[in-house]
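You will see two complexes here that share chain A, one where it goes with chain B and one where it goes with chain C.
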Partner chain A sequence: MQNWRLSFPTTCVAIVMGVVLLAGSNGCKRKPASDGGSIQRAAASAKLAFWHIQSYSPTKEVVASAVSRFRARNPGVTVEEVPLSNDPFKQKLKIAMGAGSPPDVFHTWGGGALKSYVDAGRILDLTPALNADPVWRDSLYPRALDFCSFDGKVCAIPTDVTAVGLFYNKAIFERLKLDPPQTFEQLMGCCEKLKAQGVIPFAMGNSDKWPGAFFFAYLATRVGGTGPFRMAASREKDGSFADPCFIRAGEMLQRMVKADAFPPGFNGMNFDQARRLFFTERAGMILMGSWLLAYAGKEAPEMADKIGCVPFPVVENGRGSATTVIGGVNAGYAISSSCANPVAAIALLKELSGEEAARQWAATGRIPALKGDIALAMISPQSAEIAKIVHAADEIQLYYDQALPPRLAEKHKETTQNIFALTTTPDQAAKEMENLALEMAAQK
Partner chain B sequence: MARPSSVTAGGRLTAHLLLFAFFVLAVFPMVWMTFTGMKTREEFTRSIWAPPGGLRLDSFRAILSEPGFRRYYVNNAIVTLGAIALTLAVSAPAAFALGCLRFRGEKTVSIVIVAGLILPVHVTLIPLLKLLGGIGLYDTLSGLIMVHAAFSIPVSVVILRAFFHEIPPAIPDAARVDGCSTIQILLHIMLPLARPALFTVGVFLFVNIWNEFVFALTFLTSPEKKTLPLGLMEFAESHGTDVVSSCAAMTLGAAPLMIVYFLAQKHIVRGLTAGAVSG
Partner chain C sequence: MRGDENRIAWMFVAPALALYALFVMVPLCQSFWFSLFDWNGYSQDMKFTGMRNYAALLRDGVFWGSLWRNIFLLAASLVVQLPIAIILAALLAGPVRFARVLRAGLFAPMILPTVIVALLWIFIYDPVDGLLNGLLGGIGLQSLRRGWLGEATTALPAVTVAVCWRYTGFHMILFAAGIVNIPAETYEAAELDGASAFARFIHVTLPGLYPVIRVSALLSVVGSMKYFDLNYLMPSGGAPDRATELVATYMYREGINADRWGYGCAIAVALCALTLATGGIKLWLDRRRSQPAGV
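== the complex of A and B ==
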């Protein structure tokens, strides 16, 4: 009914007008253009894009002050500091890496996630920079550096470590005349006595899966040492996730569940709810990372003197050392291989991991990733117990889920959750893990 | 035999009960969120279900006084309104052409546009990031506006085309006999007729884009360019267990949606049915 030669150009004009109008009103200012270029052409302008996840007080200020010290010392370099929340950061970094435009300096937890970027050739090798500055190198905590090193190459600088400890309520233990448990059997005895007095033995919420995984990792490590996990993860020397130590750890967990060591409905509870049970003194113990103390300072300052911390109990006839700690890197910083100003980026890393920043980190209740004598001297009193446990450790076992590739890590958390929920047997769970590991190894 | 148009009393009761249940399901979370935002922290710890002790707006005021939050609001408004304007500017003429005019390649154009509907958002993130970086629109609001528009145009064209298609051809034909050009027909006859449909599409886009998270996260980086969903995410994380403040912030974030929806409600209902019954 209508000849199209007329209407088609008309439509085109409408489209072009719309686009021009909008782009003109907003996009054609000079600033966005130069911003946009920064992800590809940082070289000429000496700019560092820096993404991290310290997005709120008090650690936000620690990073901000390190950045401002860096700016004062390097007036020629502009730092674009971008604080992001945890999960959005992971997603944004993944996409930026995929698009080949990662930030110059960025946060990392080390472990498997960092390794995948290292394998893809996206991370700058920091070993030469460390060797060129032995004072810097020797001030860092070697075990934390291990989590950021692959094939002898250091790929990130850790700034603080976390570790899982057995936190207990000193007031409750004193009132019931209990001693913090040193062996698993003593632990079971403690649970029994706490329960008899109407106290929940362990505050634990396992809906997020990771809190329960701490129990599993600790028990497996105490039963079999760190060897079986390392060998199973790297598929060397007949390593297997069906190793007896994993099965026994599962059996011990189910024994705890059946003895009501955990609050009713713990499978549907999250960490927020669980720690509230501990802070309101309805639960006697909590197996948690050192970050618990930061929450305590914020949510239950009156608890400060009541929280004690001991190493996880040993297991009778276990092969694992009593001082091995489950832990990991809480924050570290890596430089992308596409960074146009590696010298400036390394200077920024030094500022972030230096003693001044570490002292401020420590003041927020964290454990700086510096050598024991330096770190322990600056630690805040409430973190002293857990920090001592960390630095007395003969070995630090990285959190299982961080040490494993993502699919296996998810499987580990899922099967552990099922063990806790009594919906699977420890034997079955171990087989499931091993089968997936075999399948993934076969795909390589 | 019952007439098909008449409804028995029992049937009407069931329908109303179902509607009421749906109403409760839809409204309850919003009411709870607003109420929680009005509570004091003590009230909240005492009972999470009880209504607030009074009309307390302190939490809301505290959030609105944060300069960051105001910034997010403004950014979100710029992005949402900009993207809607761009989408409508492109899709209204396109839908008119596809619905009322005949031209060579009509089918191909249709298919290309509809193909845009089936594109999963996540596979486009990396290519789009490269593209925006390449043309200097990374980390700009206008870049984000264009991405939103690109993803909104297909669905808008499909809805609007159905509407234009329902307008009896006699109307544009009569205008043409009176000497109107195609563009005049579009501007003076068809667009005014299509107002309910444009409203419907506009509100639909408003809801989508106002709440959109992944694009904003990927394509914006500077803290001062953040949109509201990004800001709320950060707010929720930094305020941890402060449920009262979080609820107040979320209520404020959702308020424009509710206002727009209430104001446009009449038009939306008309727009959704207009395509079916107009003639």
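== the complex of A and C ==
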């Protein structure tokens, strides 16, 4: 009997785990209840699994308070809130999607990654729910909604937007009698002068690859407008990633690298290291998303009055508009098509994207994804400059890596980093992108 | 009687075997199955492509480059890490003050969470504020200052140093345990014969450690082939030209980040086969070498 005692618990564990695996793999395949009408109280004893990435203060509390308001209004519905950090979230969601048991409501950045899930038939179309509630629909920021819409269908509700701005240290610029650059040539001049005074022109941590991609996307957009990228990504009208605007952007980047606009070894530094250079006033500028301000508030409150923000400089003879901004959705929420309680899930989305949540978002330094006048009225003073740049923009170009399907996005980030490292030529990088795009188009 | 014993033995092994099958064999077979598809991991249409992923893998320069870096890591761990670990173990086995404290200190990197180790070394290698560049500047070697993790030529050696630093202590502990097992009489006899400390190390300690060296080497070989952690974290996101990419990190980037689950699985299966093969070759070499002496 000795062996029985030993093996019984382990066998139990094995059986339980087996059952869990089986249950997990074929659970929740039901079709969503068609929901055209107004939002009523959700069915009693319903349950919503909700995954998001606001796992740190203060945004964690914003989500938590939206959930608790939802609970108060929908007492019959249990919300199982799962905060995760960035990378584990992406990984977990992908695997849950593959296993056919995604959470009911989950975080998304919109763009290409969301589109892959839409194409796979995993996302609930929210258009009917939006049309059923015009007040809600009309309060949302249309450009942010665009990043979550495909073929005219809204697939997620954005709650806050981000944009990349040229942040600079006002104190340093004043001391050296510099004006924030308005053209690329002025920018090069600024770099020259900052360097002469022993200041690192641009803080940048490009090991994560996306910071360098901001420069690339801005320069390409200023040179050629938003058209070439849109056409290259959608493969329409002979669009190509080998378009001259991408090559010229690469050449300008290499000019900056050769002029030592960035700290030594910047390709091996991360965002933390780069931020430190800017916050300790050893770097004069940083091209970064609006989230930089939230970090400043937390890590270097004494910098608050010193950080200025201007739009990215224009390029001589560029075809792009001077006000186009690179940006995207920082947080949005989608509902999976296998959700058994879409009514309740939509009510949760409304709570997350409503004015009360937006006001709390704004207080953390974020730019809520609401229409201009509503958003600008609630924005925190530190984010006012960047928020104005966003709302004055004629167009928002979604971050290239978020606009592209994941495989091309990875290639874009890789080739751009190699441009920065001078290990490839802009021409070669453009060809590599275009070849992969052609290969992927051929496989479709 | 024997049959009964056999049955009881099986009953003891069965639970472990069941868990092993569930968590190792089943996923392995699943990975192989998925590797036959062009699939992103979640869409409903899985395109069966047979061995096409493997054919693509053979032509994939990034894969071969990554494998080459694994071999670099393997060589470094055998040539750098193991000798240092043996020497440290031998030194600390002698009458050294604070030997226990030193041993614990050298073992510490092994207990630290990997992320902490990565943060530590990222700070050491920081191009502007880092300890290494600060040290080089301090002793007048400004010209050697580098952006260690950001340059395609220095990134891999830099990460490899961190990997060796992390695991040397582990192997040192294995060797220290091995040295304790060497009979004290052998040392006494050698000493009576007039062998110097160095000679005792060469003629007593090393041969006595041979079985432990074999185990350590096997762990190093297998560990380097499937290594992931620090190369994924340092620098985060990856160095230019994929300078720190290993087969395992490439598998992750393709399977998870680039949405190529099928291809990622093919890399996983290849990695599994390669690790088994190198481990097997290593064991076979050991056996061949030990045969003449073994009898």
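Basically, the second predicted complex is superposed on the first by the 399 of 444 C-alpha atoms of A that agree within 3 Å, B and C clash if a C-alpha of one lies under 4 Å from a C-alpha of the other, contacts with A are read in each partner's own complex, and residues count from 1 in each chain.
In this text, contacts are C-beta pairs under 8 Å (C-beta built on N, C-alpha and C of every residue); 3 or more make two chains touch, one makes a residue touch a chain.
Only a predicted model underlies this, so the values are computations on that prediction, with no experimental measurement involved.
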Quiz item: In the superposed arrangement, which partner chain does A:Gly265 touch: chain B (first), chain C (second), both, or neither?
Solution: second
Quiz item: Where does A:Ser55 make contact in the superposed view: on chain B (first), on chain C (second), on both, or on neither?
Solution: first
Practice problem: Go through the superposed model and pick first if A:Glu281 touches only chain B, second if only chain C, both, or neither. | Solution: neither
Quiz item: Does chain B (first) or chain C (second) touch A:Ala421, or do both, or does neither?
Solution: second
Exercise. Check the residue A:Glu410 against both partner chains and state whether it touches chain B (first), chain C (second), both, or neither.
Key: second
Quiz item: Between chain B (first) and chain C (second), which, if any, makes contact with A:Glu80: first, second, both or neither?
Solution: first
Exercise. Could you look at A:Glu395 and tell me whether it touches chain B, chain C, both or neither (first, second, both, neither)?
Key: neither
Quiz item: Which partner does A:Lys90 contact after superposing on A: first (chain B), second (chain C), both, neither?
Solution: second
Quiz item: Between chain B (first) and chain C (second), which does A:Glu434 come into contact with in this model arrangement: first, second, both, or neither?
Solution: neither
Self-check item: Doubly contacted residues of chain A, that is, touched by chain B and again by chain C
Solution: 4, 6-7, 10-11, 14, 17-18, 91, 95, 98
Quiz prompt | chain B - residues contacting chain A, complex | solution = 78, 82, 85-86, 89-90, 93-94, 97, 100-104, 125-127, 129-130, 132-143, 145-146, 169, 173, 176, 181-183, 186, 214, 217-218, 221-223, 230, 233-234, 237-238, 240-241
Quiz item: Which residues of chain A touch chain C in their complex?
Solution: 3-4, 6-7, 10-11, 13-14, 17-18, 90-91, 94-95, 97-98, 116-117, 119-122, 200, 206-210, 263-270, 273, 276-277, 282, 405-407, 410, 414, 417-418, 420-421, 423, 443
Quiz prompt | In the complex with chain B, residue positions of chain A that touch it | solution = 1-2, 4, 6-8, 10-11, 14-15, 17-19, 21-23, 25-27, 32-37, 39-40, 49, 51, 55-57, 80, 82-86, 88, 91-92, 95-96, 98-101, 272, 295, 298-299
Exercise. Would you tell me which residues of chain C are touching chain A in their complex?
Key: 8, 11-12, 14-16, 18-19, 22, 38, 40-44, 122, 125-129, 145-152, 155, 235-242, 253, 256-261
